[in-house]
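Both of the next two complexes hold chain A, though its partner changes from chain B to chain C.
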Partner chain A sequence: MLPTSLPLLSKGGHATHCKRCLSGLPSSQVDIDPAKLALSFYCLGSLDVSGELEKKTRDWEREQWREWIWSQQTREPVLKSKCVGELSQSPGGHYGTGFRASSYMTTKHSTEEYSGHDNPQIIMTYTALLSLSILRDDFSRLDRKGLLKFLRSCQNIDGSFSSEPLGGDSDLRTTFCAFAISTMLDDWSGMDVANALQFICSCRSYEGGYGQSPFGEALGGTTYCALAALQLATKQLDPLSLQDRQKTIRWLVQNQASNGGFSGRTNKDADACYCFWCGASLHVLNAGDLIDKAAMTSFIASCQFKYGGIAKIPGEHPGTPFSNPLTLQQTLS
Partner chain B sequence: MNIPAEEEKPLYSQRPEWADVVPLEQYENVAPLAPIFYTDEYKDATNYFRGIVKSGEMSPRVLELTENIIRQNPGHYSAWQYRYKTLMALKSPLDDELQLMDELAIKHLKTYQVWHHRKLLVQQTRNPGPELEFIANSLQVDMKNYHTWSYRQWILANFNDDALWSHELDFVESMLESDVRNNSAWHHRFFVAFQSGVRNGDEDRDAIDRRELAFVKERIAIAPNNASAWNYLRGVLDHAKIPYSELQAFVLPYSLPQPPLGTPPEVVDLESPLPSKDSQLPCVAAVEFMADIHEAAGGGDLVKATELWKSLANEHDTIRKRYWEYRIAESLKTRSAGDG
Partner chain C sequence: MHHVKRNRQTPEALAEKKQREKSKIDEFLTLTDDVLSRKKKQEWSNDAFELTQRLLQINPESYTVWNYRRNILLNGIFPQSTPEQINSLLSNELSMTTTALKANPKVYWIWNHRRWCLENVPDGPERNEVPSMEWRQANWDKELFVTERMLDADARNFLAWNYRRYVLANMPTRRPEASELAYTSRKIGANFSNFSAWHQRSKTLARLWESGQLDPIQSRDDEFELVSNALYTDPDDQSAWIYHRWLIGSGENKTQLEREIQLIFELLQEQPDRCMESLVHYKRLLLQNHSPDSQTLKQEYQDLSLRLSAVFTVLPYCAMVRVAVCSNTPVLVDNALDTCIINKAGTVWSHN
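What follows is the complex of A and B.
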């Protein structure tokens, strides 16, 4: 039985929690550094979807944040004739322009060019563009041509994308980011689309969801990445047959647990973030109304922390708000 | 030998053997988003690391420095990357490095970099054998860790050596013995049986299909309300293009409110093992399966399918009420399209 009245959505509390993270993190969260732009997006996104951004932050703060994000845009190195390292191995020797995670490798005399140890990263580039958009930037400083070149240099022979030009992980997360960046630029010349679509299809599992990479176990987050990318590129999810869709819908609704929350994999416990990943996946499949929304809302409400923030499960401490804006989005929709 | 704890070591800035390195502070031209209040130890180590990266030094002390940083921040991408380059430049013994990784991987099972580094190392040593045992041990710590299972699949597929594959089904079976609901183990079984090529002795694919069907039926009998096993069953049938109706005799008893009466317990039908005693019946997945069989048969059987979906929506699986009602509506659409 559902409670007749749900705990209220503590919008102000969540916004304060996010603002607090943007103002500073304790040393115990040093591992956020290599994903700082992603965390910033999650905080800004939470503030934005809850309509609290303008209330909780000042003009000069938002201006400063825009400046800081732009200072993470790093350009392709200009090769000097004596430089015969790895950088000159690809035709032209350039890898394009993107955003690095944060300034943790930046020193006083660093230039705008990257050195091979502070490379731009595809997920950070995607979240930087979203954050700038939330901060209402005019994007006059965006190196569009360089960004397309960056995408091209991240794509691998199997159609997947490495997180950065000289390696790193390649899976459906980076693929989704490449598709989203191409959509935002309204320019698909940064990738071989057919090859990338084939990679997505190769990550499909027998359960109907998608794994992180080929032959991986079906997982809520990467299933969203796959379906959203397919939709961005083909509008009608062309590569999926009717049977494929039915199977995916079945697996997604099966992930709703009896407590109303969603699990990310079969037989795992529910976790607030999968309310978004599975819920949004169903939405892409035009099946968003097939879930028990009241039960899900009740689950998310019980994950709220009294001082702001949404935990993974009821009663836990919320930590940094990774995925929170997405969960909020799901709650508000 | 006891390794002194991190905090007992003096800062790099106080160590004479590092005096020749110019430390470089992190620099922000504007106030950053989410500034991290680093500890003095972390600031000190990363100052020296930035100095080393600038000078390009690759020496044994760089290995000590990067290990120090990684222990403080296992996500420090650049430290991992520079460490790997240094290992290569120094032609360091990689078995030692892998031993260190055994410890760090268990500590930081959810950090991408730990696994990425390990892959790079094994690609150099080309000695995947010990990895399977290491993975088995890691899975004892976290039986469903995604990175660990992916790494196992990568080791098997990438090195694709008969000796590596030889005990894989036994391994999955032992994992399922500890937890028959471990979906990662079921998924791995599908990978081994169907997605990783045909190995010597496995050429008769029909025999493999039969083996897998028998295996999963037996596990369903032990614990009928197990979505992983039912998904596996569907996976095998879809893969082998076997119609669901062929499983009707097996599935039916699971879809009924109580075990069929009058079956003498000493008669065990291996093709259709019955639900174990004390099973909670009807099993939702079995009711759904029966409805799928009736839907595929079409015609008059659609009424039976609708009845079963209704029972799921209103009684046995109410959280998915809207989904089961959608299934009813969809089948009506198909029927009227067929009539027209």
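What follows is the complex of A and C.
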């Protein structure tokens, strides 16, 4: 049944919430520090997608943020030789160039070279590039060659990408980041594409969605990561047969609950962020018209918090805006 | 921030608070500097070991300090320890990280450290002068128990299920697959909606069928019985329907397919949406795989498809209905049927 009118989207409120988060967070949120750059992206993304970025922020603020993001770009240490033929030990390793989350690992003023304990991280690199795009940077400072080397050093034998060259989570999320970075660089020499595609396929479950890693149950977030990565690399989602696509569409569609929201897994409750992960996945598969948009919009609207931000379910506090821009994107599209 | 209580404090109290925070920060920075400089000097002392623990309690994300801690064990402490002492040290590490995980369940580096500990438990103790696998087995068994506790707390915790699969695959003495089947039975019995348990069951069965430990045909029959209990208990349960569809697979077994179609017909009154959707799919499989020339079957299938298109109740199911109907191959659905469905739906959906 179609609702006759939908609640208003509180754009201003959400923008204020994101602006507040960009200014600072309470000490209760300290465990987010290792993901600071990602958090910044979600705030900037929300402001951008709702057209509030220039209204709510000043030039000097955006300039400051751009500088802060660039200060997280770290390169491999340059080998210094004391005399001809002698090379000093380089504790930092040679993994190319990327962005770290923040300076949370270093006690001194941050340097341009990493030293083994503040390596660049793939998700932070992905969000850094997107944030700089939102802030309209010209990317003249980007070490593209180093970035490609970084990607290569993150790829594993099974085709997946680790969050860092030394290890860390390696699953569809980090793998998607590698695909997105390659797309933004318009250069795929940083990865073994065939092997990566094979890893993506190995995460597919019989439900039709994609798990975080092989043998896992299908999850909305990683299904999006898989489909988006396939589209970025192949344009036509080549590895998927017609039957595969239909099965995936079926799984995604049945995740829309009767309250209009989407759940992230079989038999879980609806959560606002999955309106994006599952909704956008359906768009990638050209099946966006199967979404009951009015019901979904109504659900998202009911998740809005009166002081700004979008919670995962109606009546809850939104916390930090990790999924804000995504759910906003779904509402505005 | 909106969800942080605002306490009114005097300027003096605020200044004092800031001073306390500053001391904490200074302490943390000094500790970090100390640990990292000892690491650079490759110091493997007990003091250094102690310091890494203090630092990791504050910042468990510091992968470099976890690495240093492992190197201290390998280079400093283990060489001076008996196998028994090493086992004891690693058991301590596992206890320490269990505490860390309670506060930080998603930090990869903590899980990574646990895996390293498990994989480095020495052979022993000696039995008749021959090293046994008892220490290893004991630690891995305990680890499996850790996953069970996590799943008791949250039966859908997929990280815990993933970790459980890792533990089962890497134990020194592998548990029989049948015991995992029993575990999933318990979890499903506790809650039919626990799709993670059904999912684990499907993985376990696939291995049992592949290895020949279970006859796929008989086993599937047993599974159909299990899932039909779930379907009769709650015909709306998504988990049971997905599991049922997995069991049917591509519909090669005609007897099972026909029997299950019959069962679903019986459930039709209880749950028209999901039943109709599955019926159409299974009838199509029957037609395609076993009787492609049967006009009777083709007619039944088309009738069902039309009935399905008439089931426009809650829209999510409508979408599923459209997916189901429009996933028919063109040879089985003629234009008249297509048009009829499209008109009823009120929207145009191309199945190209």
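Assume the second predicted complex is superposed on the first by the 311 of 333 C-alpha atoms of A that agree within 3 Å, B and C clash if a C-alpha of one lies under 4 Å from a C-alpha of the other, contacts with A are read in each partner's own complex, and residues count from 1 in each chain.
Criterion: a residue touches a chain if its C-beta (ideal position, glycine included) is under 8 Å from a C-beta of that chain, and two chains touch if they have at least 3 such contacts.
The model shown is predicted, which means the values in this text are computed figures rather than measured ones.
Colleague: Report clash or fit for the pair chain B and chain C bound to chain A in the combined superposed model.
Modeller: Because the two structures are overlaid on the shared chain, the partners are seen to clash.
Colleague: Who contacts more of chain A, chain B or chain C?
Modeller: If we count touched residues of chain A for both partners, the winner is B.
Colleague: Name the contact category of A:Trp60: first (chain B only), second (chain C only), both, or neither.
Modeller: neither
Colleague: Tell me which partner A:Leu22 touches in the superposition: chain B (first), chain C (second), both or neither.
Modeller: A:Leu22 sits against chain B, while chain C stays out of touch.
Colleague: Given the touch rule stated above, what does A:Leu39 touch, chain B (first), chain C (second), both, or neither?
Modeller: first
Colleague: Could you look at A:His317 and tell me whether it touches chain B, chain C, both or neither (first, second, both, neither)?
Modeller: A:His317 sits against chain C, while chain B stays out of touch.
Colleague: Where does A:Ala295 make contact in the superposed view: on chain B (first), on chain C (second), on both, or on neither?
Modeller: both
Colleague: Residue by residue on chain A, keep only those touching chain B in one complex and chain C in the other, then list them.
Modeller: Dual-contact residues (chain A): 25-26, 31, 34, 104-105, 107, 117, 168-169, 205-207, 211-213, 215-217, 219, 249-250, 253-254, 256-258, 265-268, 287, 289-292, 295.
Colleague: Across the complex, what residues on chain C touch chain A?
Modeller: Counting only chain C, the residues touching chain A are 1-4, 29, 32-33, 36, 40, 59, 61-65, 67, 104, 108-109, 112, 156, 158, 161-162, 165, 193-196, 199, 202-203, 237-239, 242, 246, 314-316, 318-320, 322-324, 327, 347, 349.
Colleague: Contact residues on chain B for chain A in the complex?
Modeller: 24-39, 42, 46, 50, 53-54, 72-78, 81-82, 111-112, 116, 144, 146, 149-150, 153, 157, 181-184, 186-188, 190-191, 194-196, 226-228, 231-232, 234-235, 238-239, 319-323, 326
Colleague: Residues of chain A touching chain C in their complex?
Modeller: 20, 25-26, 28, 31, 34, 91, 104-105, 107, 116-117, 163-164, 166-169, 205-207, 211-213, 215-217, 219, 246, 249-250, 253-254, 256-258, 265-268, 287, 289-292, 295, 305, 307-308, 317, 319
Colleague: Considering only the defined contacts, which chain A positions touch chain B in the complex?
Modeller: Going by the criterion above, the answer is residues 21-27, 29-36, 39-40, 43, 64-65, 67-69, 71, 101-108, 110, 115, 117-118, 168-169, 205-207, 211-213, 215-219, 249-251, 253-254, 256-258, 260, 265-268, 287, 289-292, 295.
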